[in-house]
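Look at the two complexes coming up: chain A is in both, with chain B in one and chain C in the other.
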Partner chain A sequence: MRKIIGIILLIIICWGIILALYKIPFGIPKTKVGEYYIDKGREETGAANVVTSVVLNYRGFDTLGEVTVLFIAAIGLGAALATLKKKEKRKIEPSSLILRTGCRFLFPLILLFGAYIFIHGHLTPGGGFQGGAIIASAFILVYLGCRGRRISEVSSKTTESLGGLIFVIIGLVGLAVGGHYFLSNFLPKGELNTLFSAGIIPIIYIAIGFKVGSELAGVIDNLMEES
Partner chain B sequence: MDFLSNNIYYIGAFGLIFIGLFIILVKHNLIKVIIGISILETGVNLFLIAVGYISKGTAPIFSRPGLNAKNMVDPVPQALVLTAIVIGVAVLALALSLAIRLYKHYGTLDLRKIKEQRW
Partner chain C sequence: MNELGLLSNGVNPVLLIVVPLALAFAVPLIGFISKKIIKYIPVLAFLFNLIIAILLIPKVLHQPIIVKIGGFQPPFGINLYVGTVGILFSTLIALAGFLVSIYALNYIKEGPKEKYHILYLLLLTGATGVVLTGDIFNLFVFFEILCISSYALVAYFGNRAGIESSIKYLIQGSVGSSLLLIGIGLLYGQFGTLNMADIANQIQSASSPSIFVPMVLMITGLGVEAAIFPLNAWLPDAHSSAPSSISAILSGIAIEVGLYAVIRVLFTIFGASNFLMFFVFLGVLTLLIGEMSAFSQKNIKRMLAYSSIGQIGLIVFAVSLNTQYGVSAGLFQMISHTLGKGLLFLAAGYMIYRTASMDISSFEGIGKKMPYTSLAFTIGTFSLIGLPPFIGFPSKFMIIKAALAKEGILFTVLVGLVLLGTVIEGAYFFRVVQVIYFKKGNGNQERKEAPITGLIPMFIFALLIIFIGIYPNFIIKILNSAASELLNKIDYIRSVLG
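Here is the complex of A and B:
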């Protein structure tokens, strides 16, 4: 019965979507907004990566909201799991020597790669969110490989809060110094395609990288503690 | 055949969306429903990227001189999806934590056996 209802619903939705998409063929030239960003983005923001200039400059306020959503989800996960009673410590079987050595060898390399990704967010594909996810994956490796190791909750929470604070403070400074809007780019733009360019964009992306990395590591920590 | 090769990304994206919706509507296990949400989200992301694509386009990054701005794909959907992926991870983690709570409370993940979740 459920299956039949599901299939009927899907057919109705499918019909509506086909009607809507019939007029939008695949691969046509882009919208006016996208064209404007590609044409003017380099002069206005100084970032070689147009996606980054959209995320952090034209739509920086949306990104602040998005970081807030991530923060609230992490808090909600902590709150949902914190009220459970802690079980007595399970016996954790220590992992083998090869696994532990491999983890210890790979952990700094993965951290370095994540840092590279978020520092070069305005030049190459990448940015704070991706770099943060890579850093969190380094923590998963440690949690699964060298069992029994935990990150300290205080330091992860401090990093997370500092990242968010830097984002907001830079936005407020931009409001006071630069233009008349939040997160305006008040630092010098620099030369295109160099590391020290694009004004506030690399600074904000570094802050976001630390924030997302510590947040996702905290999420992993909460889930691992539970299981 | 021409229709298929022209719209293959749309078809793939909506295939994923419908698989996800079907799992959400039909399955009884809560973990499977969460997997369905994840698949649905992947399909939506793929669809947004496909809307911004132009034929024979390149990534919107001026990484070297001589790149033609006319050939670049639309950066706005890519910026949307960039943030949507991270939100997706957060939502998935939150949903899993709620599933853990439900399991601790009811001792089962079967939605037919949880009275408040039945439909």
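Here is the complex of A and C:
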């Protein structure tokens, strides 16, 4: 009985969403805001990557919010796990020499790749979140491969906080000097398509990259303790 | 122009969101210097917000402030809409946040304290963001900040009940958030903009299915946090197993911010005046179910939580009357509920702490052991029931008057049901007061009060309840201006888009 009611409800919701989707023209660029970003984005923000110009400049406030959501998720997980009693330390079997050497070799390369992704966020696809996730994947590799090694909690916490603070402080500096708008792009925009362009965007992306990387690594660290 | 005016001219309302956010990020760094000063950070942050918000009120009453983030013209960038409604709620959030953070100085003694203060700061930052933003996706982001930090705080004690109710809350809240996001996506697909004023400008009528479906999805999604029946199954568990300081914030701020979002979406974006009759019935239903469930509770915090559901029903009822007077009355009831329920949870927190039990029967004779706390609790209950001279009296009186101003036998019947709800409310609150004062408790009669950091916030809450109860005209002007902002969609659109 419950299943049947569930299915009927689902059909009603689907029907409603289909009705609404039906009104959205397919393949026609109708969105005026989107067109504005494509036409004006490059010259207004100086970022060659239009997506980045939207994410960090036109809608930078949302991104600040999303960074905060991730921060809360990491802190909340830590708070929920902190109260659980620590179990006895499991005995960790050391990994083989080949695995350990492979991890050691790959770790700096993955870090480098992650850094490349977030430093070039305003030029090529990718950005702070993606670069941060790649960096965190390097830490998973270390956790799985070179067992027993841990990241230092102090430095991960410091990076996390500094990343968030830099984002907010850049916004506040914009409020103070750049025409009285929070998060306004007050730095020179530079030449399009070069590394030193787009004003505050690369700085914020570097901060986000560090923050996301250390946050995700911290989450993994928290969960490794429990498993 | 006097000094205060000059000061408020220079203040950008975005600071109301950014300063607590920056402090939350800074807490771990400050923790390296000294663990002891962390707990004073929320106090400072919300004192700052309270001052800024109060300074902004005169200016906002004159004209809403549109804050363009990044300096981009709406609808291309994100804007904050700091109107009377926004500033009224931010003041309320800052006030409750300030008082409850004083309370938490001594109340939060164990557990991951540093994380508690970060999450507390962020919860209220999210709430402030929701009430100030003028962009619908930005509203979603702040709503998530609000919700996710409350999930984590409900589980703060880490006991079984806390984790279980937190998971329950998490699942229902996430389903709600997804529905909200789908609704926003459908709107964006149709209008190509996320700015609330711009969308409102393009919506002619909410009756066509392509508009009606996103509206239903968004209202359902937001309704989970607002605890409108039948979306409120998570609330009694979550509010009763959280630390009392957090229960006060969840009951006094979080669900009302959810309700604000529902009202904003309904009134400003969709202008859905022809569906409001549905919400009138839903409100009365929520009220009766909440009050009846509260009546049968033996656990004090569950009783207060169910009573919150009842109060939300009453507010929904008042606002859905869709008249200037009705909406003012609904907003007044929100203020009254924040102050009253905040006070009740704070007082109950130390009463539970003393007796080590949430059972109402264990409060026998506590009126002698903790006279001030018991007095504060009693003031809170009397105010929520609607007795003069407390704030609950003028707010409930306004609601009844607004409902009776609507012609027709139907509204007379509904007013009868609302009064029935109040009678039930009176019955269960008087029962608690009777247990506190008129039953002899066994065991030691030693007098031991709540600490001074607990008594000060309770005292201020009680003072405000009595003060506004005697001089309701003190805030009537703000309420009227807020109600006309909500009812007048055209002005909202014009002030944003020019």
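Here is the rule we go by: the second predicted complex is superposed on the first by the 223 of 227 C-alpha atoms of A that agree within 3 Å, B and C clash if a C-alpha of one lies under 4 Å from a C-alpha of the other, contacts with A are read in each partner's own complex, and residues count from 1 in each chain.
Everything below uses one rule, namely that a residue touches a chain if its C-beta (ideal position, glycine included) is under 8 Å from a C-beta of that chain, and two chains touch if they have at least 3 such contacts.
The structure presented is a predicted model; accordingly, all values stated were derived computationally and were not measured.
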**OP:** Identify the partner contact of A:111: answer first if only chain B is touched, second if only chain C is, both if each is, neither if none is.
**Re:** neither
Original post:
Touching A:181 in the superposition: chain B (first), chain C (second), both, neither?
Top reply: second
**OP:** State whether A:161 touches chain B only (first), chain C only (second), both chains, or neither.
**Re:** second
**OP:** State whether A:171 touches chain B only (first), chain C only (second), both chains, or neither.
**Re:** second
**OP:** For A:129, decide between first (touching chain B), second (touching chain C), both and neither.
**Re:** first
**OP:** For A:24, select first, second, both or neither according to whether it touches chain B, chain C, the two together, or no partner.
**Re:** both
**OP:** For A:66, select first, second, both or neither according to whether it touches chain B, chain C, the two together, or no partner.
**Re:** both
Original post:
Once the shared chain is lined up, is A:33 touching chain B (first), chain C (second), both, or neither of them?
Top reply: both
**OP:** May I ask you to decide whether A:192 touches chain B, chain C, both, or neither, giving the answer as first, second, both or neither?
**Re:** first
**OP:** Across the two complexes, find the residues of chain A that touch chain B and also touch chain C.
**Re:** 17, 21, 24, 30-31, 33-34, 37, 59, 62, 66, 69, 73, 76-77, 80, 84
**OP:** Using the touch rule from the top, collect the residues of chain A that touch chain C in their complex.
**Re:** 16-17, 19-24, 30-34, 36-37, 44, 57-62, 64-66, 68-69, 71-73, 75-80, 82-84, 154, 157-158, 160-162, 164-165, 168-169, 171-172, 174-175, 178-185
Original post:
Inside the complex, what are the residues of chain B that reach chain A?
Top reply: 6-7, 9-10, 14, 18, 21-22, 25-26, 50-55, 59-63, 69, 72-76, 78-79, 82-83, 85-87, 89-91, 93-94, 96-98, 100-101, 104
Subject >> chain A residues touching chain B - in the complex, by the definition given at the top >> reply: 2-3, 5-7, 9-10, 13-14, 17, 21, 24-31, 33-34, 37-39, 41-42, 48-51, 54-55, 59, 62-63, 66, 69-70, 73-74, 76-77, 80-81, 84, 123-125, 127, 129-130, 132-133, 192-193, 212, 216, 219, 222-223, 226
Original post:
Which of the residues in chain C end up touching chain A in this complex?
Top reply: 12, 14, 18, 21-22, 24-29, 32, 67-72, 75-78, 111-112, 115-116, 118-119, 122, 125, 129, 135, 137-138, 141-142, 144-145, 148-149, 151-152, 155-159, 163, 166, 182, 186, 188-190, 192-194, 209-210, 213-214, 216-217
